[in-house]
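Next up, some structures in structure tokens.
Shared between the two complexes below is chain A, which pairs with chain B and chain C, respectively.
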Partner chain A sequence: MKVLVAVKRVIDYNVKIRVKPDKTGVETANVKMSMNPFDEIGVEEAVRLKEAGAASEIIAVSMGPQSCQETIRTALAMGADRGIHVLSDAELQPLAVAKLLKAIAAKEQPQLVILGKQAIDDDSNQTGQMLAALLGWAQGTFASKLKLEAEKALVTREIDGGLETVELKLPAVMTTDLRLNEPRYASLPNIMKAKKKPIEQVTPEALGVDVAPRLVTLKVEEPAKRQGGRKVASVQELVDKLKNEARVI
Partner chain B sequence: MALDPQTLRQFLDTIQRFVREQLEPAEAMVAETDTVPPAIVDEMRRLGLFGMTIPEAQGGLGLGMSEEVQVLFELCQTSPAFRSVHGTNNGIGSQGIVIDGTAEQQRRYLPRLASGEIIASFALTEPGAGSDAASLRTSARRTAEGWVLNGTKRFITNAPEASLFTVMARTDPETRGAGGISAFLVEAPNPGLKLGRIDRKMGQRGAHTADVIFEDCRVPADALLGGKEGQGFKTAMKVLDRGRIHIAAVAVGVAERLIRDMLRYAKERVQFGQAIGEFQLVQAMLADSRAEAYAARCMVLDAARRRDAGENVSTEAACCKYFATEMVGRVADRAVQVHGGSGYIADFGVERFYRDVRLFRLYEGTSQIQQIVIARNMLRQAG
Partner chain C sequence: MTTYKAPLREYRFLLQELFDVGELAKLPGYEDATPDVFEQVLEEGAKLCEEVLFPLNRSGDEEGCTFENGVVRTPKGFKEAYDLFRQGGWTALVCDPEYGGQGLPHTLQFLVEEMVSSANMSFGMYPGLSNGAYRAIWHHGSAAQKRKFLPRLVDGSWSGTMCLTEPQCGTDLGQIRTRAEPAGTDGVYKITGTKIFISAGEHDLTDNIVHLVLARIVGGPPGIRGISLFIVPKFLVKDDGGLGPRNGVRCGSIEHKMGIKASATCVINFEEAEGYLLGEAHKGMRAMFTMMNAARLGVGLQGLALGETAYQTARQYAQDRLQGRALAGDKFPDKPADPIIVHPDVRRMLLTMKAYTEGARALAAWVSLALDRAERDPDPAAREEADDFIGLMTPIIKAMLTDNAFAATNLGVQIFGGHGYIREWGMEQLVRDSRITMLYEGANGIQALDLVGRKMPMHNGRLLRRFFHPVDAWLRQRLEKPELQEFVMPVMKAFGRLQQVTALVAQKGMADPDEAGAAASEYLRAFGLVAMGYLWARIAEIALGRLGGDEALFYKGKLATARFYMARVLPETNTLFVNIAAGAKSLMELEAEAF
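After this line comes the complex of A and B, so read on.
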């Protein structure tokens, strides 16, 4: 079976994010970028399915400017077979991405689409759900475990207060949570081999999708600076302040 | 082969992550236990780190020198013990075979070295012979079946782990100098090959050296590297030329790590109501370290590019090794100084690096040997 994995290029998780002076967004110039960590977990899961003989082909999809090809290359180095790059310099919001993925799914006919539960840049947590709705497919979000059986997938979900296992009829959409697996590092020989794997480039127009933003970002602000702590002389004073000043107990 | 910039970048990013996520957290434990955990060694194998400099045809990555040094800049921003695990397979343990080995020797050993299945060591130094090859005592006597080796080698890196040794031995007792020396590929275990106890070193715990003792150690005729007698010293010198640039790159990587650590501390540590990084005397230490590390990085890149272009870089390699290793010594000293009293306490790790880097000025030719190489080359070229 074919597995489609969505991979987003985001600011590397180690970079200290800075807001642009005009508050229209965050600084991305000369900032180290890498694959969204949840998407990395998605690629890893797909590669494990292939290694176990459950998946026959893995297609990695990324959307955005030309540089997204680097993110696809990372997925190819980890073990994906080929890539699709939707070239667009426009701001791509979750609905647009879901529509583009729907168009690609219609063409590729995968049995499973894996996405990260959210991207660490905008934390939207919408694309997987929107895609499942647009396709009319079953969805298993926040997956911490995946088991494939004939024509169906058992997805264990991390929910408030415990775990829930749902049975999805294939084809289906799954979004990954942190504990699904620990992604591998692409090995150096595989990085070199990934150069030879194909990446197909398409445009939103060719896929017949209108990607115009539906939401407007009014402003972006840095979190408020943390106030300095205060020292107290005794436990009594601490309890008193927690009760009467902070009002937390 | 020359990698395109995108592939090289991806390569370096992967290594940077591996260092940050896997190696850095294990540094203290490696020093404590004097062992690099097998799981990390396995991950190094899987990543392909053992075969970086071995040609692609033999299962390696075939990196050129300028790519190798950029990888080392990243890979060495952690305890040098980690590099030692695969350092001999990429450097002195394999390069003799890559440069001067017969096709059969290359076919036999290089794929296994590239995969990390076996570890290789390079055995030149002796109790009575370091850089002075003329005084090499280990002998190889020809017999009907092959060769018999006798002698003792000292400070042999990875000897306890190695199953292949490139051994420099005198095959012609009549020729006193370098011309009487040949190189042999000796497989371990061998009943005639014994190891001394693991040396107790000042630093770099987790990386092991030991004496290697040959007592009537019998090896087949085809163990002679390149199949030619009297070439051993020439081979060793070619290997060491590359090795000098390699060690210089290692020194740059460690220096950059130390600068990162001291910068972080200078921003965090508050005295007299401000971060100590605000004080000009601390700033001077930061600036001097940065400038020197940058100079060394540029030297190493330049020498590596020249070597890749086929130039003779004997002088440049010696300059790099000399400057970069002395530089990292000064940077480590300043890193301790910026950390103040904490720099002397093991929990901060800086004192460990301070001891670790001391070795760089000693092995693969001391700083004084590098000075001699540089000056002699200058005088010779001046005619």
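After this line comes the complex of A and C, so read on.
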């Protein structure tokens, strides 16, 4: 069974984000970039499937500028077998990414496509769902557990009320949540092996996808500064303040 | 809490801008060690250091190692961290692929070692000593010894030690009393004696511990010429590689000490322990010396590593701590006070730390690149040149980087004010941890003697020329560049005086060895400051050309620090030159009884 994993290159989660002075976006020059943490979880899950004998090949896909190859290398060092890089310097919005993934899925015929539930840069939380719709496949989003059985996948999802388990007919799309697993550190030998694994480069044009943005960003602003907290003397005072000042209860 | 993020941008600057690490991949055996591999390995190593090792640094210091009935336990979390470290292949980085190693360059190993020590110096001691033992066996072991011990040292399932020191001798190893008696079989001896201060001598991280022990074969020549080196495993190793019975090696106690508390420092008693001669009989010191360079460079790096953590933490604090107002008028009128980074004196401290740490790293990278060439360059002349350069620079790196680290970590405490003295902030730990680096692997005074007494006269000054000639050429080529004068001129002047005092020390030392001894420490420091000055000038030249790009702030930082170095660090050499010229008289005239 082939598994396709989408990996996005984002600003590292440790970096303090700064908005560009002209408010068109955030500073990305000289900022440490790394793999979207939810995608790391996706790669880890795929590698575990392979180690358990359930997956035969793992393909890591990333889209964006040349530097995305580094992110693919990281996935290869964690255990993916080969990479596909869709080279594009355009802004890639969720719909474009979903269409590109659909085109790749058509070619590669994976049984499972794993994505992060969202990317920590734009927090869209859309790509997986769009892809499932475009492909007409079943989807299990916010997965905290995955179990494969013949021809189907049992995905436990984190929902507001608790945990929900859905049964998906394969091929399917799954998006990962934080508690699905804890990604491994790539080992030195695997980093060295990753260097020799192939990365195929394609373009949106070659895949026949128009990636032109459908949404326009008007402006990007820093969130309002957090006001300093206050200590309350008693539970009573707290309840009172929540009721009368904050008006949340 | 201290802060640590691996300075990956600094590494890239050294590897790709100041030096050209791409050259390494042209050396036979290093084909895979391309710049992108450096980046990937450093990035992954950084994660492990920041996320796994660093969080155990303070708790390890608080808890320390414990000793009970001959058993030593490392602090909570160390075993799990060590398992991750070794499973990740990090113990194998520079090791020979024939024994399961990754065969990557020393230059990369040193940067990884720096990150490990910045994050948790105590932790780094365990794999560090194993690597020393690995290297000794790799260089001097028989084929059978290599097969038996190396694969497990490489994969980290066993660790190693260096057992030199005894109660009556640390520096002067000619006094060693531990004795080795032939046990009947060729190359097998019974080792008896007591070693003290043995780092990683006993612990719970690995299945077996391979001690490398200096001992005297009974009936051998007296003094340093009668010392041999032995492999003494904690558990005997069966022919199939499995563990046999316990050998006659016991930990008697562990030391309670100033710093690196999570590194077990052990008294190790050998009682008729089975030991295997490593290399030739009575040539143990020579065997030890072949791995001394890397070990001493490693200690220099520990120093620089702690300076880095202190700097990162102090830099943050200086931006956050609001206290007093800028002398020239409020900088942040909307805040209750200005951050302390506005004060000239705080800037003096921060810049000293930055200048020391980044200068040190450049110096260490320069030497570690030579270490790789010395091992791999197909051209014997190039190998000899690199080897000379390493020999010359090793005592300087060991001593100056660790002296500076102690100064830098102390400045870190100072920037924190009273909070620096409080354990919770972690700054005082850095001072305590850094202090050992000036002592072990040859106290810094001994490094200075090595420079003046051995390296300076060696091959009629050939080692010195490996430094003097290229520096001289670089400076001369830039005499006509107006924009570089503020860097080239002060370095040129100090460099000229360094050459003068070199001649002076050589001449006076020839007539009276005390003269050389009296000048040694200050000479070493002056040499180091000039070498670092030269590198800061080179850094400034690069920075000047890159001020316009989108990394302007980074290069401005480099340039301003280079200026600070020329104005306020390099002038220390003036005092040193005066002291050196003053000679031994004022040190030697007082009789010992009068002290």
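FYI, the second predicted complex is superposed on the first by the 227 of 249 C-alpha atoms of A that agree within 3 Å, B and C clash if a C-alpha of one lies under 4 Å from a C-alpha of the other, contacts with A are read in each partner's own complex, and residues count from 1 in each chain.
As a working rule, contacts are C-beta pairs under 8 Å (C-beta built on N, C-alpha and C of every residue); 3 or more make two chains touch, one makes a residue touch a chain.
What you see is a predicted model, and the numbers here were worked out from it, not measured in a lab.
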| item | value |
| --- | --- |
| Fit or clash - chain C, chain B, common chain A | clash |
| Which superposed partner A:Ile191 touches (first chain B, second chain C, both, neither) | both |
| Touching partner for A:Ile199 - first (chain B), second (chain C), both, neither | neither |
| Which superposed partner A:Arg73 touches (first chain B, second chain C, both, neither) | both |
| Comparison of chain B and chain C by chain A residues contacted | C |
| Partner chain in contact with A:Val166 - chain B first, chain C second, else both or neither | neither |
| Contacts of A:Asn14 with chain B and chain C, given as first, second, both or neither | both |
| First, second, both or neither for A:Ala29, with chain B first and chain C second | second |
| Clash with chain B (superposed arrangement) - responsible stretch of chain C out of 435-443, 507-515, 543-551 or 579-587 | 435-443 |
| Residues on chain A lying within both footprints (that of chain B and that of chain C) | 14, 34, 70, 73-74, 77, 185-189, 191-192, 195 |
| Complex interface listing, chain B residues touching chain A | 3-4, 6-7, 9-11, 13-14, 17-18, 20, 43, 46-49, 52, 61 |
| Residues of chain A defined as touching chain B within the complex | 14, 34, 70, 73-74, 77, 184-189, 191-192, 195 |
| Residues on chain C engaged by chain A in the complex (per definition of touch) | 5, 8-9, 32, 34, 36-37, 39-41, 43-44, 47-48, 52, 84, 87-90, 92-93, 102, 104, 550-551, 554 |
| Residue ranges of chain A in contact with chain C within the complex | 14, 29-30, 32, 34, 70, 73-74, 77, 185-192, 194-195 |
